[in-house]
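Multiple structures are listed underneath, in structure tokens.
Here chain A shows up in two complexes: once beside chain B, once beside chain C.
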Partner chain A sequence: MRALVRPAQYVALAFYILFLGFPLLWLISASLKSSGELNSLTVSLIPQDFHWENYSQALSRQGLVRSAWNSALVAVVSTMLVIVIALPASYVLARLRGKIRAAGVGWILVSQVFPVILIILPLFLILRTIGLTDSLVGLTLVHTTYTLPFALWMMQGYVSAIPVDLEEAGSMDGASRLTVLRTIVFPLLMPGIVATAMFSFVSSWNEFFFALVLLQSPENYTLPITLKMFIGGEGKVALGPLAAGSVLAAIPSIVFFSIMQKKLTGGLLSGAVKG
Partner chain B sequence: MSAPTLAGDPHAAAARRPDRRAPRRTGGMARAKRREAIALVMPSLLPILVLSVAPLVMGVALAFTDARLVRHPDYQFVGVDNFVRLADNSFFWDSFRIGMIWAVSVTLLQLVAAMGLALLLNSGLRLQGLTRVLALIPWAMPPVVVAIMWQMIYSPNAGPLNAFLGALGLPDDINWLADFSTALPAVIVVGVWVGMPQTTVTLLAGLQQIPDELHEAAAMDGAGAWRRFTAVTLPSLRPIITSITSLNFIWNFNSFSLVYVLTEGGPGGRTMLPMLFTYLEAFKNRNIGYAAAMGVVLVVVVVLLLAIYLRSQFRSEKES
Partner chain C sequence: MKTRGASIAACLTITTLLVASCSSGGGSGDDGADGGPVTLKFQSLSDQPAAIEATEKIVADWNEANPDVQVEIVPAGWDGIYDKLITQFNGGAAPDIIHYEAASIVPFAVDGYLADLSEYMSDEKRADIPEGILDSVTVDDQVIAYPTELQSYMVFANRTMLEAAGVEIPTGETMTWDELREIAKATTKDGAYGLGWGLASPTAAFMAMAPGFGGQYFEGTGADASITIGEGEMALPELVDEMAHTDSTVLPVTLTQSGSETLASFYAGQVAMTIQGSFQAANIANDAPDGFDWVVLPPLEGPDGAEQAANPQTLSVNIDSEHVEESAEFIEFFTDTENLAALNEADALIPATTSAQEAMAASLGDENGWSTILSSGQFLTSAPYLFVDAYAQWKDTVATPAYQKFLAQEIDADQLATELEAGWDEITK
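Right, the complex of A and B next:
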């Protein structure tokens, strides 16, 4: 009986690996198949022979490249904005007790669970009034605002981990506050800034709902919207290039998450659980 | 943003540092400090106030108007008219029921599946690294790509799922996402796939906090694996399970993108989640005020359900 436990566990693990990994493998496989093979009724995970032209076709599609560019632009600019405005505020959140902190933390929690549908209606009206619907500037502002609470939360945690004593030691040596921040706090905070930036980039790059509501002209579409339009109705695109485009769209997110993987599974969340 | 999906408080460890004191000073210094603090917080506060707190308040206000999505809106206050109309809207309540089925099943299945994987990963098997990376992929991927991927899996003709069933000699001509009876279960599976990793990671972190001595003591007392699980593991994980199930339930109930791309609510409204229904009412039928009323009803119900659930959890925690 006991001897069977380990093998049974490996069988169970194999099922999990299959369940979690197979859909992605299938997508990659579809992106490498010829259109003939995709349209035939033979079903196999390994392509008969590898075809890269789906990728070149996906990349030569005007809409796809343009929307990837839009996505990158919105994600990079909103990430920079998030870091620049969250940095000072996260310092305050981490170092101050009392009402500001309580209000900040309260809003962070509320913003995690609130249905965006209730916010999107007036948000749409507000942005329309100032002419920022169907605009990448408007979308960037929205992505910045909605990534901010969680970014603040991440960053204030990294600030909290820097002992106040270090700063106090610095100011005792006669360094000005700014010098202390620049020479002591900033360097220690760098890994936190990088992690927050990656999170912020992925959030914006993957985001679908705001982009769906706010953008109307195809030249403004972000990548998720363009991919959605390819499968819905008019823009029917061949399966191969669609799969290739999807793989390309998933790469930045997967790369960043893999880098952050250690942090996510390790210290950070175990810290959360102890609390 | 639909993406901020990291669970809980990643920095509780830091927040608990005993040596972290707020630098409190008195008199003019305190005022200068406060002014400095406000100046530092302002750049974050401003966009949040303008683009999310204000819309939230307006969203509730819109529910009492007849606002429509037309060029020059001039709204009338209509009192509770929208809510009265809503009470009779059977399509809305259908979507509400479907949303409940979806959120409850996805949340429970996520919990069970994640618990299994977390236990496996915690029991010292090989392949842990691979499994962890794999487990994070669904979480990281853009929802649109996830939906496209699963549409291929479920594809009636050349899809691998039907091919697999066919190989086993089972019916292999099911149009999973288009058939009335299979559409909802099919999207639920995708929902579980997407949300399971995060729950696994959280549970795993919780499992690693349970001192080995507890299990050893139970084993000495002759408790078998299942008994140790129910008597030691589950009670220790209880606070984590409570918080992730509440959060997962709300996220699942509020979810939109995945099912919107997978089925757009079809076939025949069989996967019409409440957020999809409200979105269509606002941006296809252009009834902003009416849609806002739906949003308000959904928020109220979810908050109520959550309050009941959390209360029962705390009560039984006290008892045990």
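Right, the complex of A and C next:
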């Protein structure tokens, strides 16, 4: 009986992976179908003939590569900024007691309430005043502030989970405050940092509305804006090129996650050793 | 979407204070003040590759002929463009020339964001635009945009299925809804249905085709408009209901699909006819299986005629533009016969001027039903809903859900009429 458990686990895992991966498989399949096949009642995962033109159309038509580069730039820089700001702030938020902490937590919670449509106009005016509309720098700042409250909230949870006793033990052994943070807290916090970075990256990578309103020049467009341009007026959709563009758009995200996932595992292990 | 409004405002305020000292402020741009050429920003929503190419060619021709007034295309997408424009207008950063649709541009005109182009529109152009179409871009006696492209709702038919059912293909200037119903009955057999109509979002189609039944929906303009749901307004929904649930000649699933989704059933021979936006002729020509024999039937005519409400795509000018006159001159050029015909051919739409319709008809003949589609342009007329402030809200929150419930037989005709009127009263009280 026990011998059957492991194969059953693998089968269950395979089904689960297939279930999770099916949308991506379907997207890849759609990206290789002709317009006629996409508009047919015959449904098949394997395209009748592989229509690679969708990829060349996606690449040539809407400046997809430039948009992907812009998205990557904004997402990576805003993620770095979020982590740099959230790391010390979350530590303070988690360890501090009293009214300042309560105010900080209140600020984070209140900031979740307002719909984006309410703030877009003042935001636009502020950015225009400082000359940062239609600018990737401006968009990066917006994405940073957009993500920061939740990132703070997320990371302070990870900090709170680290026992204060560990820090006190380090101090007892003669380590300075900075040494304690660097050698004890930071390694244990690594999984939280990685998870927060992933969240920040995805938030920025997928963000549409701020980019739509703030960016004016095609050379500054981010990927969601460019992909939306495959959907036209009167219900016209270039489904094949859109699917191809979406597949290409997913690649940087997958690469980023692959790298970060290793770090996430590494962080967990190092945390375990230190703990 | 999760939002972090307060934090963004707070952080940006701080950023403003920090950066303001080292910033010289807003945008630049060459406005010709230094003697250089004027540059006009033209926010274009052209989305099809051929239409983008046609737009670029028109702009290139203009730029070559007008070295002192250069036009720069700013491509944008249809999705979210209303929010983008309203922010641009309020932020004083709207482009000079704006491509959009009449139904959405009228509120901007009412709010004073668009220039009056009446004095710039040539007499020839004014005479070339059918009266109903010109009315659709006229607000308070001011022409607030040039109409460019239109679509009508047409019947596309599988000729093989009609002929197999012994149906004579209608060829007159128009065909009646009764004829459509009879053809649908004749072709509903052997598991196939006579009609497939993508009515997942039925309001636009019902509003557009209501004039054929005398349906107007709205009286008055702006915030003072009132709604009436009478026989004329209910005629088409009731006709669809009868065809779907009494005659059983409408493929049921299509009532919950978009127009494009319904085309798959058309190609597969599950439906003999489908009502679609005229632009789908280009998609059918491209996507239909080899040997698929299709035809565009004449425009549908109700008891009050074959009129359909038009919602043309438009070009208008930002009232804050420093170059309204130059922008209007460019639009006048953009909408000349040759340019408009080329653009509409690329977009598979109907030109807003008679001369461009004639030019297209002459150059395309009856290929892909073009002559029939272009002939429907003469029946396009102004739509009262274009000038009603709360129309968009009523459409999304009241009309579409009510029509969907009616087509799903969750409510009857009386309840539908009551919901449409009561919903309007609720929104406008």
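Here are a few things to note about the model shown:
By our rule, the second predicted complex is superposed on the first by the 194 of 275 C-alpha atoms of A that agree within 3 Å, B and C clash if a C-alpha of one lies under 4 Å from a C-alpha of the other, contacts with A are read in each partner's own complex, and residues count from 1 in each chain.
As a working rule, contacts are C-beta pairs under 8 Å (C-beta built on N, C-alpha and C of every residue); 3 or more make two chains touch, one makes a residue touch a chain.
The model shown is predicted, which means the values in this text are computed figures rather than measured ones.
When the two complexes are overlaid on their common chain A, residue A:228 makes contact with chain B and with chain C alike.
In the superposed pair of complexes, A:131 makes contact with chain C only, with no contact to chain B.
Within the superposed three-chain model, A:123 lies in touch with chain B and with chain C [touch as defined at top]. Of the two partner chains, chain C is the only one that A:36 touches; chain B does not reach it. Contacts of A:216 after superposition: chain C is touched, whereas chain B is not reached. Of the two partner chains placed by the overlay, neither chain B nor chain C lies in contact with A:83. Once the two complexes are laid over each other on the shared chain, residue contacts for A:59 go to neither chain B nor chain C. By the document's definition of touching, both partners, chain B and chain C, reach A:141.
In the overlay built on the shared chain, the residue A:114 is in contact with chain B and with chain C.
Residues 38-41, 107, 111-126, 141-142, 144-150, 208-209, 212-213, 225, 228, 231-232 of chain A touch chain B in one complex and chain C in the other.
By the touch rule above, chain A contacts chain C in their complex via residues 35-36, 38-41, 57, 61, 107-108, 110-134, 141-142, 144-150, 208-209, 212-213, 216-218, 225, 228-238. Interface residues of chain A facing chain B in the complex, by the touch rule stated above, are 6, 9-10, 12-13, 16-17, 19-24, 26-27, 30, 38-41, 43, 45, 84-86, 88-89, 91-93, 95-98, 100, 104, 107, 111-126, 141-150, 152-154, 156-158, 160-161, 163-165, 199, 202-210, 212-213, 223-225, 227-228, 231-232, 239, 242-243, 246, 249-250, 253-254, 256-258, 261, 264-265, 267-275.
Listing the residues of chain B that touch chain A in their complex gives 1-4, 6-17, 19-23, 37, 40-41, 43-45, 47-48, 50-56, 58-60, 62, 67, 69, 73, 116-117, 120, 123, 125, 127, 130-146, 148-153, 157-160, 163, 193, 196-197, 201-202, 204-206, 208-209, 240, 247, 250-251, 254, 256-257, 260-261, 264, 275, 278-279, 282-283, 288, 291-292, 295-296, 298-299, 302.
Contact residues of chain C toward chain A in the complex are 1-13, 15-16, 19-20, 23-27, 45, 47-49, 74-80, 83-84, 87-88, 90-93, 95, 101, 151, 258-260, 263-265, 267-268, 270, 277, 279, 283, 286-289, 313, 349.
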